[in-house]
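A short worksheet on the structure shown next.
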């Protein structure tokens, strides 16, 4: 069989249902509420519940979660078009329960959690009954672009562990039911190993969710928060997977989480293009439609090229992951390209809309703010380029 | 004498004083208040008065205004370094009374106003006693990228004129003491002539300042507003300059106003670069300072190149204007390049600062929002490119 | 079944054999001969025959030709990796008989030729016994970026047709056994219909192959020639397909021919990257390997991203064609991106090699010259962008 | 006095005369001869002499050389427009005797040579009676991007020095009357000091001009050659300036030589733009002139912007040098920008000309080849960016 780009029948159906759901249910809610999930948007748990009920009714809820916890069990390739369709509105991922960081945490728990953890943490997370956060990033000089700089510690104490450390930019922390916390159980900051993941309940008195970090983007329900762990006590049963394997599990989460970010933002890129094209088709300028002027056509075409190329890179890397391959290189390539391409698409679309584009009356100025940080989080483009080049050079050296 | 890049002694002195004033007075105020002049920034007339008093005390107030109304009377070339120094803080132009649109209106009135208008409008505007707005832009299909589409009308009535029309994106309208209004006194929408400028007092019952248009940027004191003229009666003495010469005067205002925008935003580009360089010099990553990593160096160098090239284009066009030449081509080139270069500089600087860059804790995410619209207002880059190319082709045809 | 990027077993095997053949047979010939197939390279029919015999022996000859004329009958998707592997050397496509324009002509004849034409023209072309050219492009104001401007005519005469017209940039014309000629049988220059394809033997006295047009590139065996048709008489049996259907058949040839260009040039992009990476891994500069300097890493990574994105767009469009879909939009997107990406890859690779890169001692300066015209032939990027945007806008209008 | 962009009267006059000379004398010669000065162009000493006689007659010869050796003695700022006018044809700099490397060597000798050397080397070089080369660059791992890697040695022997070393990419070596040779008189490869410059006559039996290195570009009369020094004996009077001061003198030559390259290539950029604009104004496409299509206009405008920005950076840096300032940063900025801008201008111009652009019938494919190496020689863009960034960071650290 030659290369086959047709998605599975199940994926195609859920994609179609998601498109209809976004068009008929999500976008009207978006217009009614402002449509920004993050804390500044003022959207509350009510809206989240309403959206998720709608997604359940539409048969598109939790497409990524394992079937035994109520999901559709789609693989990575099959997720791509569904997530893109959901990403067409900033509210879509929240509705389908595939927003970061919960979506990545569902993936991680499905791979690593033991049966008890699966029941206690994965099941309610997959159903939307609770939310979660992933507490890895630390202020400089801690874990950031370089995860090995991890400074938070988990020290063995009577009956378990004591976690201490300061995290920031912890997405979704405010209101999360639990955190997956990365802390050092051996070695010291700079070492490539020695990290362990812990499941910490939000009501643990040693865990404090601090201020929201004010950022350009406002997409993430639960915001980006500072989280402090101080004498935070947990039992051995809080260890996710095996001791000292935290960096390895982070990799398990990493490539898929990168790609699902790409899928969702690709949805926004398409939305931006659709807004701009609609505008260009209607707006008269210098005696013809804007869409018939060459410079506008160049921008529309470049958007289309960027979107197509981004999609191609995403599905390629998904296929590698579905094959059990590491996908480290292909997902780094996809992430770097998509983050920059999405940015270009939104920027061009905004330019096409002129004064309307920079006004708050259009969604585009909002999207410009939302997509910019994607070139930084989940690895800045520069870090990815460094890693991509190193792998290329290593491959060359191995080949000789 | 060969080409001489040295500014005049007076310009050099005022520039130095402005740098000191911005460092010692403006930036501390910026940190105390949030530093965003626009309506969302919540800065009031008190701060404006305090800043302007400071600038007067520092001997840097109104560097562009004619000497007889209390300014320093600097020409375009001499303004460049002063405005750039003031632009280093978003509050700087407000302090020196050289923010848009007042700065351009001072320039326009100094060129066109009759003695009575000079006393009644120019003098208090130059001294900071009042503010103003320039009411030209209209919602589509009115005057926008194509000024000739002007739809607002001024109809002759007993004892003067009646102005009717709808304007939007009128910067600084909220709180302005008067407006310079562009309205059609002959011809119809699409005609290249037939516009007249009128001076309308803000308390004229026929002029209504409507809602603030919510935009990405928040730099402009008085915001971007909708302004409606309905049965707005003015006398013949409200005509600025001569009847039907409005488009010609708009040109008088246009090229200098473009360039002063460039000067001010160049100040922000330098600020962004300074913030990024400070960060890169201090931040350790992968065992060396960020500033020693090649990709960071490339961004720092590209910023420096963009800043230097922008400055070169600005002073060149200023010199042409000071020589009495039209500067239409050189100012369009400078505007297009500066708007895009400033955007690139801020974007790279933000990227260099990583997570800190997209947080509200850094000024960079603010600057990203502030500079984006400059690629659209005062002529979108695409309109300028169209005009630049047409002049090149016309010159070629004339040469044959 | 979800999306599947695995090529068919047959394609995978031929790809592997092609890689080995290029490495073991073609590259040594390349080094012995200069490796430039075009007329300035001085390579003759001997080398072509030797290379093609080698490809036959290796079991990789004519992978695209129908099985009944001796090919492997691979579909578009299956061709992609084979053609890329062959394209790794400028001599590779010649060896496999998949160089332009013969490859596209095989494709066209396989789709449109009648049994007699199939035997007389397709069979010897597929076997390498003869070469061909495709005579469509005309000097301005004839058929160029706009095919409808076709000016050459075929006039009905006793016993057949008389073809008159002037063609240029006719690739491979020198030495070709026959030409597929596009001429107008109805309508006049500018009409969207009325063209017919004719098969004209090279020994027809009415067909004259004129001078070689000296161009930057020298890849094409048989060069780019001027070809004149003057009172060129052919019978009715010379019509390829049906009367007046020439533009439609040109479309049949167009999308696949675009994509196979992309595949071949992608091979050169990979070669360029491999040369640059080898150099960067070995070259010491400022105390470390060039490959460890950030700016070099950025270039290596950008090459890798461009190559991956190009490949993704190619296989996507191939899949559409294999599904019987038009592929007009996806192949235009792929062509535009690949032509520019390949150019960027070669340019960066050359830069990475420094002085060595611009010297004739490296292949890179050769590749720079070879790939540049690809942004122009088979439709300039600007024409493709125009067409891409128009389709997007049309789709938008149809959707409303 | 404010900033003044007007050139001196003398510079303006020589510029005007140069423009007329290039138009009336040089371009006709260009068309008659192919117009490529380099060895592959087959232009001989006859043409060089004829062109230089013409320039003398036109009063534009040696504008940069000191008055006492027959030049016009123009400073850097005053050279800019003259060199740009000469650079409008590839033959222009040869005609005015301001081609690399002689032009830079005149500059260097004027600054450093003692009276005897001035008479023996500078005077005949300035008059065009002889040619010269500058023998610094060595094959890796010698002096290249990093001059400190200098490996050639000059060892003290009875009665003088013995020079040994291998140089390459020595422009103009073939036919040169003498070489300025950089060799190490103390320290070893990697040391930042210890180099001395020697004047070596071409008939010295220890100096051998080897093969021409085949390169993309063919602009340089005398080619790019390998030059070997083996037991090359010279007296103490061969030392240019002082012992061990070679690197310092290289700096004296460096910044001005960079800038004059920029000036000359800017001439080619303007030529390319003029060719493209002429074509775009005449060529009809899809019912209108190419010059009226938006994407073409964008390219024309971007060319104009690039040219203006490049010119601004050049004159700024020239002014600094004329002021006695180092110009290290500003000339690095100018060089980096100009090399890339010129490349973009030629590339866009070629694209605007379509098939004609890549054919040898147009000058553009020639220019594409000629300008590409400028992004590498005189310091690759990456090395300049590294140096620019380091200076910025150092300035920041000093300011604290």
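Which chain is which? They are A, B, C and D, in the order written, and residues in each are numbered from 1.
Following the convention adopted for this analysis, a contact is a pair of C-beta atoms (placed from the backbone, for glycine too) under 8 Å apart; a residue touches a chain by one contact, two chains touch by 3 or more.
Given the structure is predicted, the values throughout are model-derived calculations rather than measurements.
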Chain of greatest Cα-centre distance to chain A: D
Pair of chains joined by more contacts [C-beta pairs], A-C or C-D: A-C
Gap in Å, rounded to a whole number, between the CA centres of chain C and chain A: 40
Whole-Å gap between the CA centroids of chain A and chain D: 52
Chain B, residues touching no fewer than two other chains: 293-298, 382, 385-386
Residues of chain D that touch chain C when the two form their complex: 137, 140-141, 144-146, 168-169, 213-217, 283-286, 293, 295-296, 350-351, 354-355, 357-361, 365, 368-369, 372-373, 375-377, 380-382, 385-386
Chain D-touching residues of chain B, taken from the complex the two chains share: 1-8, 11, 75, 77-78, 80, 273-274, 277-278, 280-281, 291, 294, 296-298, 300-302, 304-305, 308-309, 311-313, 315-316, 318-320, 322, 329-330, 333, 336-337, 382, 384-386, 388-390, 392-393, 396-397
Touching residues (chain side chain C, partner chain B) in the complex: 293-298
